[in-house]
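In order of appearance the chains are A, B, C, D and E, and numbering begins at 1 in each one.
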Amino acid sequence: MTGKNMIKRLLALLLLASIGAMFASLLLAYVPDTDLNFTARYYAEHTAADIGAANIVTAIIVTYRGLDTLGEVTVLFLASGIVGLVLSFGRKQNTTLRNLVPVGELLTTASQYLAPIIMLLGVYVFVNGHLTPGGGFQGGAIIASGMLLLLLSDPLKRFSHTLIATVESFSGVGYIALGLVGLVLAGGFLDSRILPNGVLGELISAGAIPLIYSLIGLKVGAEFSSMLTSLSETEDL
Amino acid sequence: MEFDWMKIPYALLTLFIVVNYGFLLNALIQKIAARVGRRYGIPIWQNYVDLIKNYGLRSSITHGAMFYLGPVFRLSGGVGLLLFVPAIYGSYMFSNLSFAGDLILALYFIFFGTLGMALGAGESGHPYAAIGVSRGLSQVTTSELPLALAVFSVALQYQTLSVTEIVAAQQGGILNWTLFTNPVAVAAAMLSFLGSMMRPPFDVVLAPQEIPIGPPTEYHSSYLALMQTNRAIFPVAKIVIYMNLFFGGASDWPTFFLKVFLIYLWSAFVGVVFPRFRVEQSIRWFLIWAVPLGILSILMV
Amino acid sequence: MVYIAMATGFLLILIGFYGALTNRNLLRMIVAFSIADTGINLVIISVGYLPGRTAPILDTTVTAAAAAARIIDPVPQALVLTAIVIGVGVTALMLAYTLKLYEKKRTLDIAKFTELKW
Amino acid sequence: MKEELQKRVIKGPDGVEFEVEPLRDYYCEAPPTVMPGAYIQIVEDLFNWARAESIWILGFGTGCGAIEMRPLMTPRFDAYRYGVQWRPTPRQANLLMISGYLSTKTLKRAIRSYEQMQSPKYVVGLGSCTINGGMYWDSYNTIKRLDDYLPVDLYIAGCMPRPEALLAGFQDMKKLIRAGKGEGANRYAENFDWYKANQKRVIHDWDMPDYSW
Amino acid sequence: MVSALYILIAALGAAFFLGFLKDGMRATAYALTLAALVFMNFISAGWVWVFVVDGAAPVEILTSGFPPPFAINLRMGLTEAALTLLVNLSGLLSALYLKDVLLALGRRSMAVLLIAVMALCGIILTRDIFNLFVFFELAAIATAGLILLSEDKRALSAGFKYMIVAQAISVLLLIGIIFSYHATGTLNIDGMAEASTELKTGASIAFFLMFIAVVAELKPFPANGWALDIYESAHPAFSAIFSAASGAAFLFAADKLLHIGGAAWFPLATGIGIVTFVAANLLALPQTNDRRLLGYSSIAQTGLVLAVLGQQDILGDRYLFVAGGLLFAHSIAKAGLYWLSGLIAGRELPDWAALRSRPLLIFAFVTFIAMLSGLPPFPGFYAKWELARLLAGEGRIALLALILFGALLEAGYLFRWFGYIIKREQPAQRVACTPHKLAPVIAAVVAGWALGYLWGDLSGHANLLLAVPLLFALSFLLLEWLPAWIKNTLAIAGMVAFFVLTYAEYDPLRLIFSVIILIGGPIIFLASYHEHGRRIGFYPAAMLMYAGLTLLIRANDSFGFFAAWEMLTVGSYFLILRGKHSEPHALSYIIFSLGGAFMILAGFALAAQGAPQFDLASLSLLTQPLAPWVFILLALGFMTKTAAIGLHIWLPGAHGEAETDVSPMVSGILLKAGLFGLIVLLMTMGKQQLYGIELTHVLLWIGALSALLGNLMAIFEEDAKRLLAYSSIGQMGYAVFGLALMNHLGWLMALMFVINHYIYKSMLFLSAGGVAKRTGTRDMYRMGGLITLMPLSFIATLIGIIAVSGVPPLSGFGGRWIFYNAILSSDVRLPMVILFFAGPIAFLYLFRLIHTIFLGQLKDEHRKLKEAPFWIILPQMIFVVLLLVFAVAPGLALRRVDTYLNQFFPEGGLNWAGTTISSNYGYWNPVAIMITVCVIFGSLFAWLLFVNRKAQKVKQFNIVFAGERPYRPETTHFAWNFFAPYRKALGFMVQPFVTRFWSGLTDLLHAAADLSRRLYNGNGQTYAFHFIAFVVVVYFLWTGV
């Protein structure tokens, strides 16, 4: 370790000690609430009636704070778009493929069986988002992990960009369209109460939440897949 | 405007007297200086003869329009200076054209001739003339400064800029002269006087061999005659100002002659005693010795 | 309990920062930031935690009427999801950038990418 | 001829080229003319008197006689009392004192100085060298007879003449002038070609217009 | 009106929809993108219209049908509408500008652009703190993506550096948000603001983290290295968005946070903002890369607005006016400049000289830097004025001083840049002008002027863009295609007509100035007839200066006065810059002038004490302890224009290098602006004392020293026009001295100098200019003997120098006479000594001027010269006549002024009986003097001509040369170092101490800046260090305070 490096580390430690001191004072001054604050209390008391979602967090994510979620989805959309852009940045048309070490039989076979199941699980998770601890993001991530598994088993596999993009756009535009319907028919943009609330705890309940969450799930899955495929295509290098 | 036309012949009379007095005075001073050097000196009428001779020269050359105008400016400056200041105190006849302006007019009119002469010399295209002008102007900036301060001091003292009133204030005994009421100012002015008379130690402007007499080096014949005439008038005119400001003025011609002579003698006296200064030396000399006196004089008033 | 989680979160953040500040390798920096992200998520979650309460999901044990007294604050839970997603997006982006930077200079040392300065 | 005096092509600030001929453009080429005296004789007499009583000498020491002129300014001889003064510039001088032998090189300068004086002007030769070359009669680079080159009004003989002789010479010069005989300038103008020819015979590098105004 | 939500919806919808389009349908995608942006603009513009015209109240927009704080809400108010319009508009124009790039990169890039714009709008609209964070992240990620639009490969590393810092920022922001939520129980911004918690105390770490994270996005010094790299390497169109739109959005976010935190946090914002403003401007000084320079400037401007955000407690209802003015001026100008930079091939500042082939683009550039520098009539000017007024009103002087200092630095490098454009060699590559790249630039220009009009309307003062003189000046911009002589005629006609229409409105004092400006100006304009072609740029600049001057003397309140002052400064700067070698001089002129202007601004602001309207006359009502400081500030400001010693170094170059007809304008007329200011100042405030020192007494010394040193420097000058310029310093010194005497005659003398100096200095400058034009040089020693070739110029110079030197019978003497009478009635003694000394020194340089140019030896190359052009001679001859008339009848102008001055100084007026003028001390009769001198002179001249009737005319080498003869005129003309003996004696007094001081100061600034910017070593990790260190240091400073 050179002296310069040493100084750098010391400086970093010093700075982080200061930041740590700030954190520490936050920590020490922190007093856990004994009762829900008025916002949380409102959610706890009104979600069932207003939204009809069993999972209050889902209600918050999809409806109350739907704009945030739209933003999140957009973040992913943006990230995948930019990853695509970055990777095409200054890219030469390079088609020569490298010979990779073949993946093992075990992985290939297992992934062939597992991938559909994983995807199915993903769909389950986002469809049941309003009932169980799960939802579009989690489901989408699970779907993408299936894709990842496929990519691992065959790094040279190519997914249809058009398909991914279409799913991406379809789910995105659909999400916004649903939001607009909310604006027109219900209380406001992204209002899920365009459909009847149904019975609390049933699959078809909580208004448009399952629909929205499905779109989100598709969208997230598509974005992650898009990123993964974009990244995997750089294996050509 | 009412104008007393008799003033014109009166003024011409003053001019006549002063020209003659000036010629004789110049010769006298030259003779005195010669005597100091144990020479006999020029005849007292020599300046007249020189003047006639210069008019009598048959040929002349010209370098251009300003070459003509130089001596004209010069002599106009002298004559004007003389005429803008009352020569004899209390005399209507010899009050000249002093109604046209006060002390400031006279002081600034001094430069009229200087400027014109410098221009004429420049037109001759002679580098020595230009060098002479450069030296002369350089020196005059500091040599006039004590005078300006002294004049300001005197004007403050008498609260007027009118020459006549300043003289009037000095009447009634020798002790009323500015010389005694404001000696510091007079000292400053008299040091300044040395610088303006083109006599040693402040005559490097005219260094006769190095830059053959400087600005007028190309002048000759009638041009020179005009300038000679001015040399008779100008010192007297200038001394008249000193006399009026510092030495009680003159209420008749004999007093006038005497005082002018004595003041003139002061510069001759210094001139024969001291060697020549270089320009920067004289600048420093004035700044170190004369200007502080001047400043003192305006602070003390 | 809350304090431990929160302290751990803060510690993770600090560790992440330390890693980001001292490791010149781009990938390590990204990892370091991921650690910091995890830390922040932990902190967020711990803020919403109320001792002795349960998750904000209504079911037979937690009825809608009793929810206010039984569940923890659902808001941080919702927020943390967003934070996670954003973290993922940024991480992906950074990775893509890293790839490209590596392609350009064949190095992962951040100190080598200083052609823009002053 | 000096390079500076040769014709040259010059480009003006506006880019137009033109020719400069120094001898023509920088010097007046007019020949000297005979200058008559005043129309009225009495005026001319007055002027002659004044000219005689106010002799201004060009302070140009040309030969070894120059040393004899200095004492004239001293208390012992004091020529000023006779109206004699020294002027540093030919423009203001009336009398050119050739004080001794003249080398051809000095002659050129002496001629120029003479020509730049205003008429009437006088030339006095000092010492025998100016009369016939004196002891340098066979020298390769001094002139022998000053009169061939400049219109001499008066010679003061001797080798060298003492200051007293100079004073006496001045008195004679005064008489000449007063008698209206100091017309050397007009003689020079009348015989200008002759003088110039003589001058050019010894001065080979005459590089100015014939008459130096 | 369409809900603001549709801004977000449209952008997102379009972005998502783009995925449906095949890669080949890029044109369609582009069209869709543009359509979305147009729609977004339509919404924003509609809302702006609604708020401005209908005066509607802000609208709350709920999402998901629940009220806040339970759901996210947005708000659309006037501010939001204007800001989103700014964001959308810059997005749209940049999209237009980016056409090629977007089409090349495909739909993804368009989507990113759309989302970027959407995110920025979201930041502006949202009222939820966490939602704000989401939009923040969106904006940050989009930024990282849009950086890639650049062709510059280095953009990649810039993007990465940004993401490193953005990560750290978001960590802190999230901690802050979650703890703030914990503290307030809500995420709604208004809710947080209402919750009275410790967030408002200034000690809350949670709020601090949140705030510092938002501030970090504003690129505070020194945690802003990443931003600079982005600015340098990103595509200019993106930089335009990044600077204009992102800056605006993040600033609004900071404003929201301050809304939460309340007044306790204002000082923090101000502190960070002002440090950033000054530091960024300082660091920009040594920059040579255009985009990086603009980056520094952006950072600085953002810092300034941040500082203003922190001042909202005192800005009150003018808060939006000020912050908006600064922000919009900055945004539009910066966007415009970035767009412009995309048209330039080279990246060095001098490469911008390529703009010279396109006058329109130069105009655009001028518009932009004028907006950035806060010059009238742009919004920044009004904002700066209000800000200064309110800051000074509250006694926040240090802040005001820092702001002005930073602004001066900024103006320095911007105008230096402009100098490069106008003066440096044009690079080989031409400006790449395609319509879609030109359109945004032009749109920015139009927007700038429109906002100028708007802000003028809102300012509560007279709208500058409605002032007739200014409009007249600006109209010349539209007439640039006309030949110069037509424009010249128009200019003359306009000025004279304006005078004829308005002359009855002036009091005698102002009448003198108005005659000099509105009649004197046209006389000098006569000289402009000799210029051929179209002379592009000359008339707008000149007329701007005259407009400023005219408005200056017509101004009644401090605002009008200051606005006019800035106008004339800028106009004259452009004029001066036109000179062939005037680049550095014009720069030092504008810097000194703006420095002076800022002093004036500060002075007025201090004087007004927060009052919105401040009549100049009210200056007289000021009392201790304020009054002397106001006096000092104003006097210093005015004295930069009169080039008082110490502040004079700009003048010689500026006046000397200017064009032939410009020199007399800037010298003969422009300098009078400073005197007018001093007159107004002294007329109202009179004598002031500070620590027992009489300030007018100090002015006396300054005036006297200026007179002496100006004159001294003039005599050693080889350059004819510079000599005259130094002489102006001296002459102005006299005038200042006269004013500072504070008595009747002193003022009269100053006014006499005003008139005289106008006449003779204009004449001399024209004469010297005409000669320089013919000889092709201004070095006097290379001239000589021109009298026969240029007799009229000679006569003008001769008359001029006689007048300047004060020799009777010309009018200069009148000035000297009044001077003596004035000092006699004053009880101050010592400064007179210096002035006495200065007087004769004037002779030296004057003689030198006429001698070395017109007398002496004519040079070879000048033998065929002609007299100066007719149109240059004509005004000189007019001046000669004027001078003679004024010499004989000074009463024409002075008598009324004399009477007028009686109301200020009842004592000591002059007595005008017949032709004699008398005072308590003396008298003079100009007519008698003139007649006497003429008679004496004439008769002697006639006599000399008679006796010399047969004189032989000789040529220049026919001189006595010790028996030799001259060879070359050059070696025979004694001219160079003419006053060598004087230099030996007093040369030490003209050692360039002042120049050394100022250049030392600028060198120091540059060196400091150059050293400090090494801070930005390009390493992303270091930038992360900077950020953390910034947070820590600010925290400790903040809590320590």
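What we mean here is this: contacts are C-beta pairs under 8 Å (C-beta built on N, C-alpha and C of every residue); 3 or more make two chains touch, one makes a residue touch a chain.
Here the structure is a predicted model, which is why all the values come from computation and not from measurement.
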{"item": "Both-way neighbours, i.e. chains that touch subunit D and touch subunit B", "value": "E"}
Groups of chains joined by contact, in the absence of subunit E: A, C | B, D
{"item": "Gap in Å, rounded to a whole number, between the CA centres of subunit B and subunit A", "value": "105"}
{"item": "Intercentroid distance (Cα basis), subunit D paired with subunit C, Å", "value": "111"}
{"item": "Centroid spacing, where centroids are CA-atom means, of subunit B and subunit C in whole angstrom", "value": "98"}
{"item": "Distance from subunit E to subunit B - Cα centre to Cα centre, in angstrom", "value": "53"}
{"item": "Touching two or more other chains - residues of subunit B", "value": "55, 59-61, 212, 217-218, 221"}
{"item": "Set of subunit C residues in contact with two or more other chains", "value": "13, 17, 21, 47, 75, 82, 86, 89-90, 93, 97, 100, 104"}
{"item": "Residues within subunit A bordering two or more other chains", "value": "12, 15-16, 19, 23, 26, 30, 33, 37, 39-40, 43, 65, 68, 71-72, 75, 78-79, 82, 86, 89-90"}
{"item": "Each pair of chains that touches, named by its two labels", "value": "A-C, A-E, B-D, B-E, C-E, D-E"}
{"item": "Subunit A residues within the subunit C interface of the complex", "value": "8-9, 12-13, 15-16, 19-20, 23-24, 26-27, 30, 32-37, 39-41, 43-45, 47-49, 54-57, 60-61, 65, 68-69, 71-72, 75-76, 78-80, 82-83, 86-87, 89-90, 131-133, 135, 137, 200-201, 220, 227, 230-231, 234, 237"}
{"item": "Subunit B residues within the subunit E interface of the complex", "value": "1, 55, 59-66, 68-69, 71-73, 75-76, 79-80, 83-84, 97, 99-105, 108-109, 111-112, 114-115, 118-119, 122-128, 130-131, 133-135, 137-138, 140-142, 144-145, 148-149, 152, 155-156, 159-162, 212, 217-218, 221-223, 225-226, 278-280, 283-284, 291, 294-295, 298-299"}
{"item": "Interface residues, subunit D side, partner subunit E - complex", "value": "2, 4-5, 8, 10-14, 16, 18, 20, 22, 25-28, 30, 60, 89-91, 108-110, 112-113, 116, 208, 212-213"}
{"item": "Touching residues (chain side subunit C, partner subunit A) in the complex", "value": "2-3, 6-7, 10, 13-14, 17-18, 21-22, 47, 49-51, 55-59, 64, 67-68, 71, 73-75, 77-78, 81-82, 84-86, 88-90, 92-93, 95-97, 99-100, 103-104"}
{"item": "Subunit E residues within the subunit C interface of the complex", "value": "130, 134, 137, 140-141, 144-145, 153-154, 156-161, 163-164, 166-168, 170-171, 174-175, 177-179, 181-182, 187, 225, 228-229, 232-233, 1013-1014, 1016-1021, 1024-1025, 1028"}
